[in-house]
Amino acid sequence: MSDPMAEIRASFFIECEELLEALQDGLQALSDGATDSETVNIVFRAVHSIKGGAGAFGLDDLVAFAHRFETALDEVRSGNLQTDASVLKLFFQCADMLTDLVHSSRDGSEHDKTREAPILADLEKLVGAEDEQEDVADFQPMALSLDLPPDQNTFSIVFEPDAELFASGNEPLFIFRALQDIGTLEVTCTHPDLPDLDALIADQCKLIWHLTLTTTEPESTVREAFDFVEDLCKLTISQDAVSDTGALPDLPAAPPAPVASIPSPAPSSEPEPCPEPAPAPGPVAAEAAKPENAPTAKPATTATTPVGARATVRVDLERVDRLINLVGEIVINQAMLTQSVEEAGLPPNSSVRTGLEEFLQLTRDIQESVMMIRAQPVKSLFQRMARIVREASADIGKEVHLQTDGENTEVDKTVIERLADPLTHMIRNAVDHGLENTDERVAAGKPAEGVVSLTAMHRSGRVVIEVADDGGGIDRKKVHQIAVEKGLVPADLPLSDGEIDNLLFLPGFSTAREISNLSGRGVGMDVVRSAILALGGRISITSERAKGTTFSISLPLTLAVLDGMVVSVANETLVVPLNSILETLALTEEDIRGFGPSSHVVNIRDTFVPLLDLGAELGYRRPLETYVGSVVLLVSQEDGSRAAVVVDAIEDQRQVVIKGLQDSYGRVPGIAAATILGDGQIALILDPVDLITQSNGHTRAAPSPAFQTG
Amino acid sequence: MTEMPKQFDKQQDGAEIELLSFLVGEQDYSVDIMSVREIRGGATATSLPHSPQYICGVINLRGTVLPIMDLAKRLGMAADTEEDRNVIIVVAVGDRTVGLLVDAVSDILAIPEEDIQPPPEIRADGEQSFISSLTIVDGRMIRILDLKAVLPPPGEESS
Amino acid sequence: MSLRVLAVDDSRTMRDMLRLALIDAGMETHLAEDGVHGLEVLDGLDRPDAIITDINMPRMDGFGFINAVRAREEHRATPILVLTTESAAEMKARARQAGATGWIVKPFDPLKLVKALRMVAG
């Protein structure tokens, strides 16, 4: 049985993410020069709402900080504080701090209050010292009668409502009922001033009620019942020493003595019943009583923020995944049906065949739509990167500006999550290594502020994300030298510019002589590249000396399908991911050279590439006698070097639905996953990187251990 | 005082376990019926590289990938001609589903809890660990499999 | 006695909590996410017994909403409670000026919320 409060709490943190995003957007807009009140309001409301919800769940640290932030924003809202660059910078820091607080509240992790101190100090300079946090408890008059023993007390209450009481929607009857709930009540009504019928004004109340309440509750509780109306009536409450039911107290002109000190029920300050809001400072209450958006006091247009413009539905991710799975199975099923129909020998233009083709098209469409359910804009990712840039730039003392484009480009949710770390590394590298020092930049005639740009776009069925800097470009001499020093490449091997650039992706490569505390210990581009490859993507570098460097990442739109090449090996059918295949080759005698006692290499345009016999590697059969005439796939490895993988034949190239093996079986070396082909048979999907890492390279007759029969 | 009939005792007790019994290498085995998802005829399995001998491979079960285990091999019996094995019992253990390749399915038995005995003392071969208990029906000893032990441990399977 | 209540707040979390508290008390709950939406929902309701509204909302804030509600003849005296995070006197005065019947301080205690509603709506 789920706890509704726990659900609401979880939902609150999701709402916080939305609010934090709106906050970032708003601050960004202000930073870009927006001056309209609605933007300011959006920023204010975001913090205000977070504070409100946090209060409900007792997240005190969060409430406290949000309150300070909100106070400063309120000053902006009321026109007392201008948002110049330094103020905005502080606000961005506050937003980052708020984000951290939300997350640590959500995860229950430790929050480092010392980091708050400098920010709070800056806020204080802006808006002045904060008074003691207001008592957020219900407003209650001083409860003088706390010590009263729980005896019966008798209170005499005289209650004369003003006309405004009714206009405000209050109803004496309900108040009396509330009193009845706490004791025994007797009510009498007098009307000494009641005019004649024709002089009667309908909404003027000329009734005076006398109530006698016997209760164990203290006087404060009795007063509570009149909380909403105490300034809209004449009220006296006195406690009788003796229960005195008969006598009516005098109608007081002035409040009688033994009453606790409450603001005296003098006639209200506004004698007119109709509440017209006094024009208040700031944009909030400056509307006349019209439901439309009236022009506000500030001379600006209200930005149209589409509140609920896009109707959305919140769905459990599990349901979405289940749907995607089912659709995947429809596609498989359909492929099988198509195959059966073909085998049944129906003519190509028969209605069954054409019907099936239309069906196939429909299914493809459904599949695409369903996959896109999981798609989200990269905006949240880009906002995170903006923060990384701010922090990196502050840490390292360089002026950096992040430029983004295509933040609404949509990508699978998992891809976004798994891109966060690689992108963070790349952005930090760009700031740390890519961009020159401010002095160097100025000396080179560049603007002092460096630019890191982050763009996303859809291109030919894939998502392309680029991280670029306008820094000094790759120092190829230095890179080559270091690679040689570290033994990563032979000294005398000539490398093209592109090949040198790719050396950056080698494990253990780092050009920083002292490792700056920013980029960490050897967290290099190899880690980034692995992460991208694991997503089924590719990454490449282009760089121009003195101009800058660009990393280009290409990712599949969804994770559940794969473009693959269907091959057969030793009577088994396998699928090789297309993005790992560089080319296919047919080997001639001269191409193949022996290498050591049990391996071969292949000569490809004067470089030598190891030969892997897929059938042998997977333990299906012994290495072949000869590889002349074999079909070979040239496959690329993590570090850019290659392997030639021998298969028996290439069957087909197609898009397959990925079926995991992990859950049903576990890990299989060299195998990434499985798929179901049109004939209903399962085909394993190769993991080329894993295959190569685990390979024994045996392509000669010596039997490999995997093949000991037993 | 009449002697209480045995059935009456059992009825009072009430607790029964339903077992699906089957033949593996001419011996009787069984599993708790609650773990059985379905029974189907054999199909050609796609072999998994570097998998243990007792894993035949994987088959397509209505669009999901189902690993198939040769139960005879798993239990350490002498390998018989595989052609005879044509029945797959699909069982679920926790969140994993596996197909057990057996010779034939025998029956569904309802066994009172008190007729379930612990297995006899440890024997030389490791087969012991796969059996959780036994029962006797019509003079035949039915071994009840401990599916958790039978299923391959999750993770790398490289032999 | 089941009250029919309209609650207006731009925070989804707040709406969820209001709904929870009101439904637990056996009240019929209708929700809206800002003043404009609130008016739309209100016009579709048959004799609501009470309205609860937040102040800070997009499109039309609480004050604007209360004004608009009071401008409708049939809702001249419909009880309206405002949700406020402060209990300062100015806030209460403003709420009163706008035509509110009473107020509830956020974070609210569900019991107090129900009590306040009963006090103004019966």
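Order of writing sets the chain letters: A, B and C. Residues in each chain are counted from 1.
To be clear about the criterion, a contact is a pair of C-beta atoms (placed from the backbone, for glycine too) under 8 Å apart; a residue touches a chain by one contact, two chains touch by 3 or more.
Everything quoted here is computed from the prediction, not taken from an experiment.
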Original post:
How is the touch graph of the chains shaped: line, ring, star, complete or other?
Top reply: line
Original post:
Between chain pairs A-C and A-B, which one is joined by a greater number of C-beta pairs in contact?
Top reply: A-C
**OP:** Would you kindly tell me how far, in whole Å, the mean C-alpha position of chain C lies from that of chain B?
**Re:** 63
**OP:** Let me have the rounded angstrom distance from the C-alpha centre of chain A over to the C-alpha centre of chain C, please.
**Re:** 31
**OP:** For chain A and chain B, let me know how many angstrom lie between their CA-based centres, rounded off.
**Re:** 47
**OP:** Provide the list of chain A residues touching at least two other chains, using ranges where the numbers run on.
**Re:** none
Original post:
Within the complex, which stretch of chain A touches chain C?
Top reply: 4-5, 7-8, 11-12, 15, 38, 41-42, 44-45, 48-49, 51-53, 55-56, 134-139, 166-171, 173-175, 177-178, 225, 227-228, 231, 270, 275-278, 280, 284-285, 287-291, 293, 305, 307-308
Subject >> Touching residues on chain A, where the partner in the complex is chain B >> reply: 328-329, 332-333, 572-573, 617-620, 659-661, 663-671, 674, 676, 680-684, 706, 710
Original post:
Which positions of chain C touch chain A when the two form their complex?
Top reply: 10-14, 16-17, 20, 33-37, 39, 56-61, 63-64, 67-68, 70-71, 76-80, 85-88, 92, 94, 96-103, 105-109, 112, 115-116, 118-122
Original post:
Can you name the residues of chain B that touch chain A in the complex?
Top reply: 44, 46-51, 53, 57-60, 62-67, 95-98, 152-159
